[in-house]
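Two complexes come next, and they have one chain in common, chain A, joined by chain B in the first and chain C in the second.
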Partner chain A sequence: MSRPGERRFRARAVIVRHAILIAWAAIVMFPIFWMLQTSFKDSGEWVSWPPHWLPHDPTLKNYAQIFTFDVSEAGVAREATEQPFNIWGSLADSVIICTISSLVALIMGAFLAYAISRFNVGGSKFRHMVLLVRMIPPIVVAIPLLMYYAIMVPYASEAVFGARISLFDTRTGMSLLYLTITLPFVIWMMLSFIDEVPYSLEHAARIMGAGRIYTLWKIVLPLVASGMVVTFLFVFILNWAEFLLALTLTHPEVSTLPVLLNKFQSASEGRLYGPQAAIGTVITIPVVILGVLIQKHLVKGFSFGMIRR
Partner chain B sequence: MAQIILKDLVKAFGSFTAVKGINLEIRDGEFLIMVGPSGCGKTTTLNMISGLVMPSSGEITIGNRVVTRTEPGERGLGMVFQDLALFPHMSVYDNIAFGLRVKHVAAGEIEARVRSAAGAMHIAGLLGKRPGQCSGGEAQRVALARTIVTNPAVYLMDEPLSSLDAKLRIDMRTELKNLHEELKGTFVYVTHDQAEAMTMADRIVVMNAGTIEQLGGPLDIYRRPATRFVAGFFGMPTMNFIDGEIVADNGAPRFAADGLAAAMPKELDAGLAGRKVVLGVRAEHVIARRARAAGTNPGTVRLIEPLGDATLVFFEAEGAERLVAKVDPDTPLSPGAPIHFRFDAASCHLFDPGTGARLN
Partner chain C sequence: MCVRCHKGGGCLIPHRQRAGRPCGQWTGLGPLVDPAAVSPAMAEATAIRGGTARIGGPFARLGAWLAQERVFRWIPFVLVEGTFILVIIVPFVLTVYISLLRWRANRPFEQATLSGFRNYEQVLTDWGFWESLGRTFYFAGFAVAFELVIGFVLAMLVHRVRRGKRVYITIFLIPMMVVPVVAGYNFSMIYLDSGPLNQLLAPIVEAFGINPRIRWLSDPLAAQWAIILADVWQWTSLTFLIFLSGFSALPPQLIDAARVMGASRRQIFFWVELPLLKPAIVIAIVIRSMEALKLFDPVVLLTFGGPGTSTQTVAYYLWEQVWQFNKFSFGAAASVLLLIMFSVLIFTGIWLLMRQRAEVERKPVS
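Let's turn to the complex of A and B:
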């Protein structure tokens, strides 16, 4: 028995394992690191060669530029184009569109999932078909949707109501769109949580005289609350990062953050990497904060069998 | 007054008819147990009484009120579920108080009644805990306390003991029976366990394939099963069944199968003579000895199962594939040994081979 040999082998295995994991983490994290450090670089350093691994002359200019209220004072932006290169409008667009669409999707989806779980609405196979709509690549529907948003809905509304209602380039239009594309996810996720709640709990409540709404409110919702938080976060992130449809269906009034990110180019300097990196950082932070805040629910929501019977 | 009357009760789920027209009168204050195999319609019947399942046709009366279409909460029932259905996110106290809060009982009274119910079920110390922190037996008591606290006239129980281990289950039987004595409510209890039904019930309803096979007291059902199904369902080990026919032998009727004969009581209906029947006899009514005697049939022992107070002897004989006898534990028998047996004529049951209906 070569105990010392075995121990040495184990120690080496630990070192190798960690080396691989650290190398992999470095590869995965590098773009985020690069974004972070670029956001603190002045324009001269963005594309310098050899690259500066850390900003030699750290600056908050990029953040000042994207957070400025007075567009005319921000030098780079003024030279670039006429569009205001600050983040406030887009931030408001993104926050409002994503919050409203995710919340409405969550509420509708939770009730729909309840109906599917308890009353078998749509038949026994419906639950498996809910996600079918997600099998179509978004780009395929982008152009037909543009037709609806920019042409058919306005003309139809004019013909019927006498007033032109356009969904194109509006927060309402984007919220409706995000609601539609994330609802299947909400239903699908909430189904798995609601299925976990034994129906007999509701039966017991009903026998004791509780009505349907009271039972939902006091029994079902508290038991799936963690699941709802997880689901909300999931679809919020989906909406927050959605780019393709937002790019197609908005311009110039509404612009979500991912779309804004794409606009940061100037004629004289090409891509404005500094402000872009700053915006990238700003977009990422809320999601990370949200994730940390609801970590407790994430663990609970993702561990199946969360309800002890 | 809380007698329950079920009239022509039918429940169909699509093309499957779970309950096929049941008529049943459950007396006020009685402990009635519905028993039968899985899928016999007993739980569906219970759920129709509770209102959780709407009958396809028929009528349900509780007390003197027709409640066929009444909401479950307005029928004055308490129910204990198979999985107990305790609310996992609420404390034991809140679980017990739930029904009172729904009915807007005053806060002070809720407190008093919850404490009294918890005291009655010996769980006063658990009120602050969550159901998940309770043991199986404790959870059972919480479920019972939650049911008795609203003081219903009718208690419905759907296999409430099935989640407990064997020892606890037997203890809880006694407690449930005592609880019934104290509360004097009408208990309707569903189980697939014939032993549970025998030990607790005032009357038993035996169900099979959506119909009632027999309604009667535990001993009636054990001693005079109305059908072959009931005979086979009750009793451990399962009753012996032998196919054969009745031979009228000059006023001394006899049961005869291939190479097997058994004397029948003299008062047996003469009309049965020459008829094909299934003979049913319980293990304790099979008299088995090593020594040959008048009127016995020979057989060969296959397996011995000592129970302590008695021994089960499984044996083969001509005319019957596999028979079982309950014998004195000191009877010297071993597998492979010859055995001689006869049946206690007065305790034999005769059934129709087709319909399974009792003939004697």
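Let's turn to the complex of A and C:
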């Protein structure tokens, strides 16, 4: 322990460690910083050479443009003007779809996780098999779902109910889909929280005459409530970020925020870097704040019950 | 036999075994005592009351019916499985049917005719499909390798840091929260010919007499690595998170014991810490490889699969075939084939996770 030079070695190791960590922190923050500062630049500065690291005369023009749909002034790409371009609509779509699907997924998933944890529903392998759904590449599901939503559901509903119901390009359809693809994650995260609630507590409550639902409500729920909040926020972030399926299954009517951002992009014409940066900021900020809030709990939720604590 | 209480059953606390039911006789939240074992009269009374059913209005009776164990435990299972069948399985059966048709989306569905396995033949002989599949593995391989190494080193360093640990964790986890589309956009700004990357490289590049305004995304190789680097930027945070939770779960007493016995730092790392971190490593590899094979968003935002086809991943390739060229039945056949190919990987991944869990349950750490 007290060999000569050991102490100096330690001090140097600490410095090197911090240097590496700070370097990575800089790498991590740089793209986000660049987006933020681009969103405050006027159109002349977007692609100037040499690039300005800070906007020379900062402006809120980009934000004003995206929130008042006044993009024509900046020479908007043709596709973007043809399609209804409406950030409030997309914002509403994103918030509604993500909230509903995450909430329903949380309730269903938490109950199933409870059943798996306590009754071993579905057998001992079920908790792993649930992950299958998550591992299927979305592109494999996207093509079937498009045909299912656009063709099969209308046909079937016409035959059964007499009314044509289409799930394609609707909030319901998107919510149903997001609900399904995030359920595995909910089940996984909730399992790791519910497994930690000691069974003896429920046992005691039941002996003292509490009903099953009452036990769940008064004993289990308070203990896993924080876990449920974390799971909800995590799943919300996942849904918020989903792109491929939203791009596939919505075209003119509904569009979530990532799809909206993509609309500003066309290979043929110039890109609107400024408004894109502004939309990117609008999408990113709430999620990053949520993420920082749950960050402490994520470490626990991500042990996936594999690492015994 | 129960691994915890070393009894074949009969203990009141139902320990969960590695496989199968809890060892306690009292398995669910059912009646604690078997009424028939007490007295025939009690059995009769229980039967008359109908288990837990109480006299009450229809809602109370519905509640009581739902709360019965045999009903209660299956409700969520049926709901969740029903959703999976409705949203995943049924569409997939439909796809198998469509993959056997000769159909393009610009014609009415009713006019489609059966064509046997022609679509499958087309997919299997399509060079673009195989190329994009190979490219996907190339991207995923490099990206996951970098993410694992960087994530591991960062987690190790952060775990040892005393001051500012929380700040580092907060910052390092941010990329995970950034929407992939936005991340793709951010990197497209950085790789711009008048972007900051070129500005930073300018002094070096100019020394060789090259114009510093390099168009990174116009060169096939550079575009490929641009996508890999964007992926590494975003998902290193996930591997970091998994490894960090692994490191913080290490039992300190084992490491102290090793130190007391005179092990060097290197020995402690290789012989104590690394074996204990194996589950975290397996989880990180499985989860990240599965996700990396889905790579799509940065491709759209950065390169549109170009230049040429040099950055088309299999997801992007299929997407383009279906939505640009309307080759629906071709796309359907390709999805079926892709799922068959990937299911081997998926099952390997799940098997690895299951084995890992079994191992963790067997040896009680700490």
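The working rule: the second predicted complex is superposed on the first by the 256 of 309 C-alpha atoms of A that agree within 3 Å, B and C clash if a C-alpha of one lies under 4 Å from a C-alpha of the other, contacts with A are read in each partner's own complex, and residues count from 1 in each chain.
Quick note on the criterion: a contact is a pair of C-beta atoms (placed from the backbone, for glycine too) under 8 Å apart; a residue touches a chain by one contact, two chains touch by 3 or more.
Quick caveat: nothing in here was measured; it's all calculated off a predicted structure.
Q: Answer with first, second, both or neither: which of chain B and chain C does A:Ser200 touch in the superposed model?
A: After superposition on chain A, A:Ser200 lies in contact with both partners, chain B and chain C.
Q: Quick one: name whichever of chain B and chain C touches more residues of chain A.
A: Larger number of chain A residues touched: C.
Q: Now for A:Leu223: first (chain B), second (chain C), both, or neither, which partner does it touch?
A: first
Q: In the superposed arrangement, which partner chain does A:His297 touch: chain B (first), chain C (second), both, or neither?
A: neither
Q: Of all the chain A residues, which ones make contact with chain B and with chain C?
A: Chain A residues touching both partners: 200, 203, 206-207, 211, 307-309.
Q: Can you check the complex and tell me which residues of chain A touch chain B?
A: Against chain B, the touching part of chain A is residues 198, 200-201, 203-211, 214, 218-219, 222-223, 307-309.
Q: Under the stated contact criterion, what part of chain B meets chain A in this complex?
A: 50-52, 71-74, 77-79, 81-85, 87-89, 98-99, 102-103, 131-132, 146, 150
Q: Which residues of chain C touch chain A in their complex?
A: Going through chain C, the ones touching chain A are 12-14, 16, 18-22, 26-29, 32, 52, 63, 66-67, 69, 72-77, 79-80, 83-84, 87-88, 90-92, 94-95, 98, 109, 150, 153-154, 157-158, 160-161, 164, 168-183, 185-187, 189-190, 192-196, 199, 202, 213, 233, 237, 241-242, 244-246, 248-249, 279-280, 283, 290, 293-294, 296-297, 300-301, 304, 314-315, 318-319, 322-323, 328, 331-332, 335, 338-339, 342, 346, 349-350, 353-354, 356-357, 360, 364-366.
Q: Show me the residue ranges of chain A that touch chain C in the complex, using the header's touch definition.
A: These residues of chain A touch chain C: 17-18, 20-21, 24-25, 27-32, 34-35, 38, 47-51, 53, 108-109, 111-112, 114-115, 117-122, 124-125, 128-129, 131-148, 151-152, 176-177, 179-180, 183, 187, 195, 199-200, 202-203, 206-207, 211-213, 215, 237, 240-241, 243-244, 247-248, 257-258, 261-262, 265, 267, 273, 276-277, 280, 283-284, 287-288, 290-292, 295, 298-300, 302-309.
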